[in-house]
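Here chain A shows up in two complexes: once beside chain B, once beside chain C.
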Partner chain A sequence: MPALESFSRNFQALAAAPGAPDWLSPLRASAMGAFLAAGLPTTKHEDWRYTSLTAIAGTDFSEPAAADPDEAALASLRAADLAELDGLDGPVLVFVNGRFSPGLSSPGSLPAGVRVSSMASQLASRPAILESSLAATAGAAAPFALLNTALFTDGALIELPAETELQGAIQLVHITVPGPTPHAAHVRNIFSLGAGCRATILESWVGTGPRSYLSNAVTDVRLAPRSALHHYRVQCEGDGAFHLSDVRVDQAAESRYVSWSVSLGGALVRNDISALLAASHAECVLNGLYLATDRQHVDNHTFIDHAQPHCRSSETYKGVLDRAARGVFNGKVLVRPGAQKTDASQSNRNLLLTREAEVDTRPQLEIYADDVKCTHGAAVGQLDEDALFYLRARGIPADVARNMLTYAFASDVLDGLALPPVKRRLQGLVRRWLDKSQERRG
Partner chain B sequence: MLEIKNLRATVGGQEILRGLDLVVKPGEVHAIMGPNGSGKSTLANTLAGRENYEVSGGQVLYDGKDLLAMSPEQRAGEGVFLAFQYPVEIPGVGNAYFLRAALNAVRKYRGIEELDAIDFLTLVRKKMKLVDMDEGFLSRSVNEGFSGGEKKRNEILQMAVLEPRLAILDETDSGLDIDALRIVSAGVNALRSPDRAIVLITHYQRLLNYIVPDFVHVLSAGRIVKSGDKELAHELEQAGYAGFEEPPGDGTPVDVRAVQYRGA
Partner chain C sequence: MQDTEPLATDSETATLQELTSKEYKYGFVTDIEADAVPRGLSEAIVREISARKQEPEFMLEWRLQAFRHWLTMTEPTWPNVQYPPIDYQDIVYYSAPKSKKDGPKSLDEVDPELLKTFEKLGVPLHERARLAGVAVDAVFDSVSVATTFKEKLAEKGVIFCSFSEALREHPDLVQKYLGSVVPYSDNFFAALNSAVFSDGSFCFIPKGVRCPMELSTYFRINAIDTGQFERTLIVAEEGAHVSYLEGCTAPMRDTNQLHAAVVELVALSGAEIKYSTVQNWYPGDAQGKGGIYNFVTKRGKCAGARSKISWTQVETGSAITWKYPSVILQGDDSIGEFYSVALTNNYQQADTGTKMVHIGRNTRSTIISKGISAGHGQNTYRGQVKILKSAEGARNYSQCDSLLMGERCGAHTFPYIEVKNPTAKVEHEASTSKIAEDQLFYCKQRGIREEDAVSMIVNGFCKEVFRKLPMEFAVEAQKLLGVSLEGAVG
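Coming up: the complex of A and B.
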């Protein structure tokens, strides 16, 4: 398989590169070994039942270009309407083709003790938190997390000491400027919030053009007691992109993780979020919105592990599938024995705009405690014909009416969004997607 | 303005309109009355261009143009307005946003400059007074959670904003208490004008006490079987539709509700 061979080549190149920290090499080697031994999962694998990786397997991924094509990167940001975000304070870390770009980044001003840095710059100092993150991956079966451990070159390392409250947001902007041959960027992030911290992190993934490339991001989130993180992921990759993301959240008592995952771009997209509610009174809120058209394939897998009593989780994912797009939602909620007083709700609703569009939705509740409140619901539907006629009878052209109704369906996921500049941007991106989708329908 | 010739329409394979003729001139108010199942709503929906209402024969000319060849939005642009019997709730679409989108779509169609947010707000505030609606309705989703009366007032508000030349009011009086009926009727009366025609579709004479028609037609089994002035409505109120209903057995469904509610 071209992909596996190119990953092996990338691995050897990385191992031979000067300045590779000694401590990291064995970890990388064991992860690579485990990844190659298992190979890429097929649709026979339960977690990949509806998502075929054939397109990735058949692609040769060479190393990303080392030079920062900053100008091209900025141009793609502007093209994607992601260039500036007014009214949002905080540092901006920009990564181009998977590598930190100091020239495009702005450090912002941060309270003492807060670390917001590029992962590559921290490798030599052997951060304990990175080591434990990598070690945690080693035992995991998730193939792309193993591959990430073997091949990651950069990412963001964010650490907040206890009782730190950050205003605004930390922005991580990942831009890909695809070259003539496909490349892969393996990005490793670690977000660690000390006790009582509050922070917002906004990740944007941007690429332009039809060329193929792979983004493979693994993010570890550690939330100490009473800390709260708002985590936004906005995925606007290029039309030919493979985007794989895996967010693993470890929550201590009374911590709160709120996620907004908005997926608009890419050819083949797989987003995993797993949250471990490891101590009582932790809360996890997952909001998701995926819009896909043409032959895009978007797969969202979430796993919420209620390991302790008195925890809450709520999950709302919505999808809009146009043309021949395909969506997958797999949401598992596990309530372990003893996790009494668990309060878990999950909802996935999908709107299919054409007969060709398709979605597979699988809510999975596994409950091993008896005093819990768990609800789930999944729905797949079309636009309301009565509403459509009502709008048209008032003079609104059919395609505009369709967009109004689709926007209304999709945007309520964003209603609860706390930061106005981010909310406006996301609403704008959804509108823009709808307009483009309408143009294509012509 | 409106010329309906021998109109036949089917819904779900069943012929509901069976050769309907009607001529409406500018400035006129026509009432079309008839028992349930006689084809009143089918007429309204066919004129507005609803998809599952299939025209199987006849012709409808609007200002000499073939109305039936137009899409629903074209009809609205041309000045045809249907006040829905059951206004649709549209969660997530704000009433103000919807009204402005509709007004600007219609203005664009008519070659008039679109209104910006401020001018629109000035206009809509003025129109809201007509139907005694407060501004709170603007920020709510279209018809969502509105009471029956509020929904009907919202229909008349839309009519006032869009300024149609031909307004078809489909059972606008249904589900209204007497106060709401007064408000809605006052709104409609305020919109009467020499170049605007109004077609009131109703089951009951009650509405016609408030909106006095120039002509009253009786619709039965998909045809207009009798026409007259407003006195005809009073006769119907006294005698009911019994004389106009085809005897059972000829394929016309007998409408139990029509019998139950008679004289109520």
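Coming up: the complex of A and C.
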């Protein structure tokens, strides 16, 4: 398979490059070995049942070009796409083709002891958290997380000391300008919040043009007791992109993780979120929205592991599938023996706009404790004909009425959003997506 | 667990019993051995089974194809159940009526626990011996029941007989429908069943006939000892209607550990098949030793427009249950239903659910699944709802509720929903909870013992499903649930 060969080639090149810290090499080598031994998963794997990786397997991925694309052009691109976020306080880290770009970034002012930096710059100084985080995941079974450990070159390292409260948001902007041949960027992030911290992290993924490339991001989130993180992922990759992301959350007692995962771009998208509620009274809230059209394929996998009693989780994912798009949702809630008083709810609702669209949804509950309250629901349907009729009877054209109802369906996931600029941007994105889909229909 | 007795065909049973009841006077191995099918599975064994049963040529062909296909398959590992590996070469693949020599000689020899259970279920005295496997001939007068029964059916043109008989009397019908819903290549256990199935039931309701009575394996005399690889085929022609009952509530004694049955239903235009099961095979003891492995493939095809297939099951027995009664909704406006109560206590494991495949326009399906776990029981609902492109206006509603009793049991829900048509409406809801303390308190306060209160609440939880069972069955099922849950609380 060309992809595997190219990954091996990248790995050799990385191993031969000077300046790599020596503790990292064995970690990378074992991860690469495990990845190659298992190979790329096929649809026979239960976790990849509805998502075929044939397109990725058949692509020869090069390393991203070392030369920085034109900074001025990038700056204007960023401005155009992310203008709505201008009112947002806090540092902005910009990554171009997977590498940190100091020129485009703005450090902002941060309280003492807060570390917001690029992974590449931290590798050499080897913070303890980096090594332990990488070591813990080197043997993990998820194939692209292994590949990421073997091949990552950059990402964001965010560390907050205990009792820090950050205003605004830390922004991570990933811009991809694909070259003539497809490249693969493996991004590794580590977010670590000390006890009692509060923070918001906003990741934006933007890409240009129809060319093919691969973004493979792995994010490890560690939440100490009583800390709270709001984590936004807004994915607007280019039309030819393969976007793979894996967020792994480890929650201590009374911590709170709130995620908004919004997916609009990319040709083949797979988002994994797994949260381990490792101590009592931890809470995990996952919100998701995916809009897909043409032949886009969006796969969202979530896994919430209730390992201890008195934890809560709630999950709301909604999807709108237009044209020949395909949506996949797989949400698993595991309640381990002894995790009494667990309260878990999950819902996945999908709207199919055309005959060619398809959705496959699998909400799963695996429960080994009796004093729990767990529910899940899934629904697939279309717009309510009565509601459409009501609007049209009041003189609203069918197209507009359709758009209004679709917007209402999709946007209620965003209702609970706390930061006005982010909410505006997301609502704007949904609206523009709908307008575009209406235009094409008209 | 496998029967070590030499086995023989119907015609030879009498002779065999006569011979085996004698002591071996000379201590020699007699030539009876030559009549027995040795352990293990091979092409020769499949040929042998078919020859013994004097089956038509097409049947042997089909069995061999199934066997060759089975060789290429591996046992599924995806169900959420654990059991030690099965040695398929250590099974005697032939289930002519078994010698009853090793059974208890009278009710006095039967496990008193079993008798107590009969008592609680209110099983009539004369049936207890039969159910316990006591070696008494004609313990009750079933022959006359069966005879009047058959006459009445024949009048209407309904065929209801054993599979072997069907192969002899109606080979064309069998050939036409066998494997049309569950092909031999379907899955590991279905392939195994197709290769070696021993007997089962065949039922054919001709056009426009409403079957005058509920058909039940309970009354069909030759259904006794159909063995571990049972095969059932029910065909309802245009506009026909039949209600079929399988199993009974009393615990059955059986020496075979592995049961891999196949049930196929075919409903032509406007036909309706209602299939009800109460399964209460030996679940193993309280420590989880022994017990039946029940790996069943059940599927119905709504082949014609406006046809309807309805599965109702109450699963309380077996150490392991692996069963997904499914409906293929091919005809326009056809309806599929699945109502299930599955209970696991002690160390029982159940991975059960359904599959609804919507192909025709305006097809509808309803899934109501109630899982109850107690003790160390593990109960999994696994269901698939598939809406194909052609299924315009399809509708599905699924509801899966789990009740947990005790902190060491588990309840799991794995629905698969695949929708390829935008006009479809699919809803799935699931909940998991335990019996509310306040409900228990309320009952106890009014002088109802905790155990009775639990039984009452559980029955209320299952009411939606019990309502779908034929009347007498429903009453028995309620009692059965109470008995199966004994010792689960307090």
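Keep this in mind: the second predicted complex is superposed on the first by the 430 of 442 C-alpha atoms of A that agree within 3 Å, B and C clash if a C-alpha of one lies under 4 Å from a C-alpha of the other, contacts with A are read in each partner's own complex, and residues count from 1 in each chain.
Following the convention adopted for this analysis, a residue touches a chain if its C-beta (ideal position, glycine included) is under 8 Å from a C-beta of that chain, and two chains touch if they have at least 3 such contacts.
Nothing here was measured: the structure is a model prediction, and the numbers come from that model.
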| A:Gly266 contacts which: chain B (first), chain C (second), both, neither? | neither
| request: Based on the superposed arrangement, let me know which partner A:Gly238 touches: chain B (first), chain C (second), both, or neither? | output: neither
| query | Does chain B (first) or chain C (second) touch A:Ala357, or do both, or does neither? | reply | second
| Does chain B (first) or chain C (second) touch A:Ser411, or do both, or does neither? | first
| query | Thinking of the overlay built on chain A, is A:Lys373 touched by chain B (first), by chain C (second), by both, or by neither? | reply | second
| request: Figure out whether A:Pro397 sits in contact with chain B (first) or chain C (second), or with both, or with neither. | output: first
| Touching A:Pro337 in the superposition: chain B (first), chain C (second), both, neither? | second
| request: Once the structures are superposed on A, label A:Asp386 by its partner contacts, choosing first (chain B), second (chain C), both or neither. | output: first
| remark: Of chain B and chain C, the partner touching more residues of chain A is C
| task | Enumerate the contact residues on chain A facing chain C in the complex. | result | 46, 50, 337-338, 340, 350, 352-355, 357-382
| note | Seen from chain B, its contact residues with chain A in the complex are 48-51, 71-73, 75-77, 81-82, 84, 87-93, 98, 101-103, 105-106, 109, 141-142, 158, 162
| query | How about chain C: which of its residues touch chain A in the complex? | reply | 78, 80, 387, 389, 402, 404-434
| Residue numbers on chain A that touch chain B, as the complex places them | 384-387, 389-398, 400-401, 404-405, 407-409, 411-412
